[in-house]
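Here chain A shows up in two complexes: once beside chain B, once beside chain C.
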Partner chain A sequence: MEPPAQFVHWMFATGFLLLGLCLLAKAFVGEEVWNRRAWRAYLWPSLLFAMGVLMWPVMVFFTNSTIHMLAHGSWAQVMMLAGAAELGLVRGKLHSPYWRLTMPLALSVSGTALLIHEQNGWLFARSAFLHHALGWTALVGAIFPLAAVFRPRSPVWSSGLALVLVVVAVMLYSDRDVAPIFGHLSPVAGEQHR
Partner chain B sequence: MSTQLVTERAALRRSVRTLAISALGPLTMAGGVAWAFLQPYRITLLHPHGQGFWWLVIEPPLLVVLVGVGFALLVAPGLIADVEEAER
Partner chain C sequence: MRKLASCALVALAFPAAAGAHATLVRTSPGFAERLAHSPRVVRLQFDQSVKVLPKAITVFTAKGKVVSGSARASDAQRTIEAPVRRLGRGAYTVRWTAVSADGHVISGVFTFGVRHRAPPATEAYGSGGPTTSEHLVRWLYFLALALLAGGLGFRLLVLHGPLPPAAERRFYRLVGLGAVGAIEVGILAFLLRAEDALQLPFGKFLYGDLSPIAGGTRFGTAFVAMTLGFALVSAILFLAWLTDRPLLLWPAFVLALGFASGLSLSGHDAADRGSSWLSELADWTHLAAASLWVGGLVMLAFVVWPLAPDLRRRAFLRFSRLATGLIVLILSAGVYLSVLRLPRLSDLWTAGYGHVLLVKLGLVSLALLWGAAHHFLVRPALERGAPLFARLPRSLAGESAVGIAILLAAAVLVDSKPPPQPAATPPVAVQR
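For the complex of A and B:
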């Protein structure tokens, strides 16, 4: 009854899309207005933390190699860390704004893990292409939350992070278990799925 | 005169922000609907016979529409009210 990997990617894409929309709206209105209702202040950090927690069963049930397992484990940890740090800041348990560095850390660790654990070239299959594209997007996208730590009121840096998450969602929705990319599919990638 | 200008600019900024927030949900829904038209075979509810459980439950274009609906109904109205109240 386990879903094939592509369905799991689509479920996480849905989470990232919602996360991106929330952060985009937050960038539009500013932190003060966004945090006016307690449930809303907790919404996106809770979602991020929950996605980190849900990454653990993905690691356990869906990985078929050590490097794959380590990559999923690192995503789980950094998503939980970034979500928990933001929850702590919202709740008032944490005070230093430097806890927000956990977000660029999460993106850079995730991007690096994506790039390291993909052993095939860009055009091997669609999933390989997406691993490379997602990895570089996360690595470059880490600039936005990093800059937002030092310029927290800048809508450019805040909305940049939100758009990075929307792009991540689009790429995860594009994933298929075995599918060609721009007409290329390595003969050793396996039989194409629908 | 300058007070009037400031008031008008604040009203314009408020209307742009509320418009942007109220557009996020519908734009997301429109993206999901457009995807469904581009790849109708992804909507397995249209041809459910012989589909497996996961193919019927997880249909990406519908998930995108669902996120848009959820945002438009649950997040946007309260946020718009708070923006208007904050700038009043």
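For the complex of A and C:
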């Protein structure tokens, strides 16, 4: 028996919120202070990697369409890749800073997959609206980690990424399987949930 | 280029032309349900309203005869149903398609049986069976397994100690390629099988319902378990590399071998007539030993030989010992499975399955001869302390190539249908 999709979205929202808060704290205090405790350097990349691993069960158990399955599979892979690259850099196993390009890649792939796999218009229902909003947020938000690769000391770019992740978390928390958006719900969307 | 980018942006911004993506929530009869009596109707219930086409539900017999009438909608267009004739004993396939209120087409397939076992959805009426693409994908899957399980086995059972950094890097690259390959190729194999079952063009297949295949067939269950298993193996492998802890390779190795059993538990040796736990075990032993052998050869030829010269002699001698045991396992399990699947010797030259098996046996004989040359000629010389033969790396690469070719033959063999088993002879009444 599958749990409602909204429960899964809320669980991942918690992950993104923690991720965003860690990055925001790191942007506020600066990389040197943040990395004074060795474990803190591993905190957010490990969380991102674990979220990627946890996306696989979502991919294989929610198979009501091919595109849905492929979208979840792509999120699982890019999250694991971005988390693994950052862990490799922190540990000193990887050396090129260009490995950080995996983060904008992850956001771009995730945003595109979100937009492609949502087939309804913006105002069809709340979940459709959020899929569109999340997709565009991820696509546009990819600019922040991309710029941070070339200007790693700029607090604007690093805090920008953190805020993008917090916004993603808020949007995922707002999700309901069938609910209106701005008072509008398509008559063919199914029965409204509480 | 600008036009293309603009079109892509517009398409992403305004997908509203595509419609509601209704999901099938319940069917009657259920997926692969065995019924005691003929149903009067076939009913599909969706979470959103849908438009009904005249052939929204088509029910086929096993021979392709249509036994359903015109479909109609009820329950605020969320349920569609089609009447069926009185159905006799047998297996039936339901193919359905519906249009959401705003134009989007969704489709699916499932099976049921009346006083008869329902076939899995992958064997529904209209499915074409494995194609050349499926053979290639299965071969790639075997290769990925060989790199993953064989590579890990070689590192843990043959090379215990530390490796030179360059060899260690290449080892992780090859094994990581195997782990990622097992996941990606597994997804591709699942989608190819699902596409064949659904019989839909690509555009419609993207919105095809995969749940009867993922949840209602052995193949689907194996896909779910193996995808999750290999994702976990990839994570453990990454941690082993990141933390320089080869001890973590042990759980990755055990899990990789364990989840490889998904193939054995969903193939001929689990589902066909005459199958038992013994045939499943034999199939898994055959697969695991072959993966260890081919993967080990690849590691020896492409990791140890070019990048760890000091370890060449020790690795060759140890792998030679291990390979002897693996060959014994491969041969005994293979002979048992061949006898089980081919009840008559003549099936070897009369059945398609037998032809593929003959090709595989030919390749296995070549590999055995090659291995025997290494075992009986090279190994004793190396044990006596003779210098390493200059042509040995090429010879190892050649043996690996033959092993890879055997995996291709095995992929075609697994996708082929074994000849039917002879029916059990009824006991003859003794007249007194």
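What we mean here is this: the second predicted complex is superposed on the first by the 191 of 194 C-alpha atoms of A that agree within 3 Å, B and C clash if a C-alpha of one lies under 4 Å from a C-alpha of the other, contacts with A are read in each partner's own complex, and residues count from 1 in each chain.
We adopt the following convention: contacts are C-beta pairs under 8 Å (C-beta built on N, C-alpha and C of every residue); 3 or more make two chains touch, one makes a residue touch a chain.
As the structure is a prediction and not an experimental result, all values here were calculated from the model.
> Determine, under the contact definition given at the top, whether A:I116 touches first (chain B), second (chain C), both, or neither.
After superposing on A, A:I116 lies in contact with chain C but is clear of chain B.
> After the superposition on A, what does A:F7 contact: first (chain B), second (chain C), both or neither?
The first partner, chain B, only.
> Looking at the overlay, what does A:V29 touch: chain B (first), chain C (second), both, or neither?
First partner only.
> Determine, under the contact definition given at the top, whether A:L47 touches first (chain B), second (chain C), both, or neither.
Neither partner.
> First (chain B), second (chain C), both or neither: which does A:G73 touch?
Second partner only.
> Between chain C and chain B, which one touches more residues of chain A when both complexes sit on the common chain A?
C
> Determine, under the contact definition given at the top, whether A:L17 touches first (chain B), second (chain C), both, or neither.
In the superposition, A:L17 contacts chain B only.
> Counting only touches as set out at the top, which of chain B and chain C does A:V167 meet: first, second, both, neither?
Neither: A:V167 stays clear of chain B and chain C.
> Examine A:L105 and indicate which partner it touches, taking first as chain B and second as chain C; both and neither are also allowed.
neither
> Where on chain A do chain B and chain C both make contact?
none
> Applying the document's contact rule, which stretches of chain B touch chain A when the two form their complex?
Of all residues in chain B, those touching chain A are 17, 20-21, 24-25, 28, 41, 53-54, 58, 60, 63-64, 66-67, 70-71, 75-76, 78-79, 82-83, 86.
> Quick check: in the complex, which residue numbers of chain A touch chain B?
Going by the criterion above, the answer is residues 1, 3-4, 7, 10-11, 13-14, 17-18, 21-22, 24-25, 28-29, 32-34, 36-37, 40, 43, 173, 194.
> Residue numbers of chain C touching chain A in their complex, please.
My answer: residues 12, 14-16, 18-24, 47-49, 77-78, 100-102, 104, 106, 187, 191, 194, 205-211, 213-215, 223-224, 227-228, 231-232, 234-235, 238, 241-243.
> In the complex, go through chain A and note every residue touching chain C.
49, 53, 56-57, 59-61, 63-67, 69-70, 73, 76, 80, 84, 87-88, 91, 93, 112, 115-116, 118-122, 124, 135, 178, 186-190
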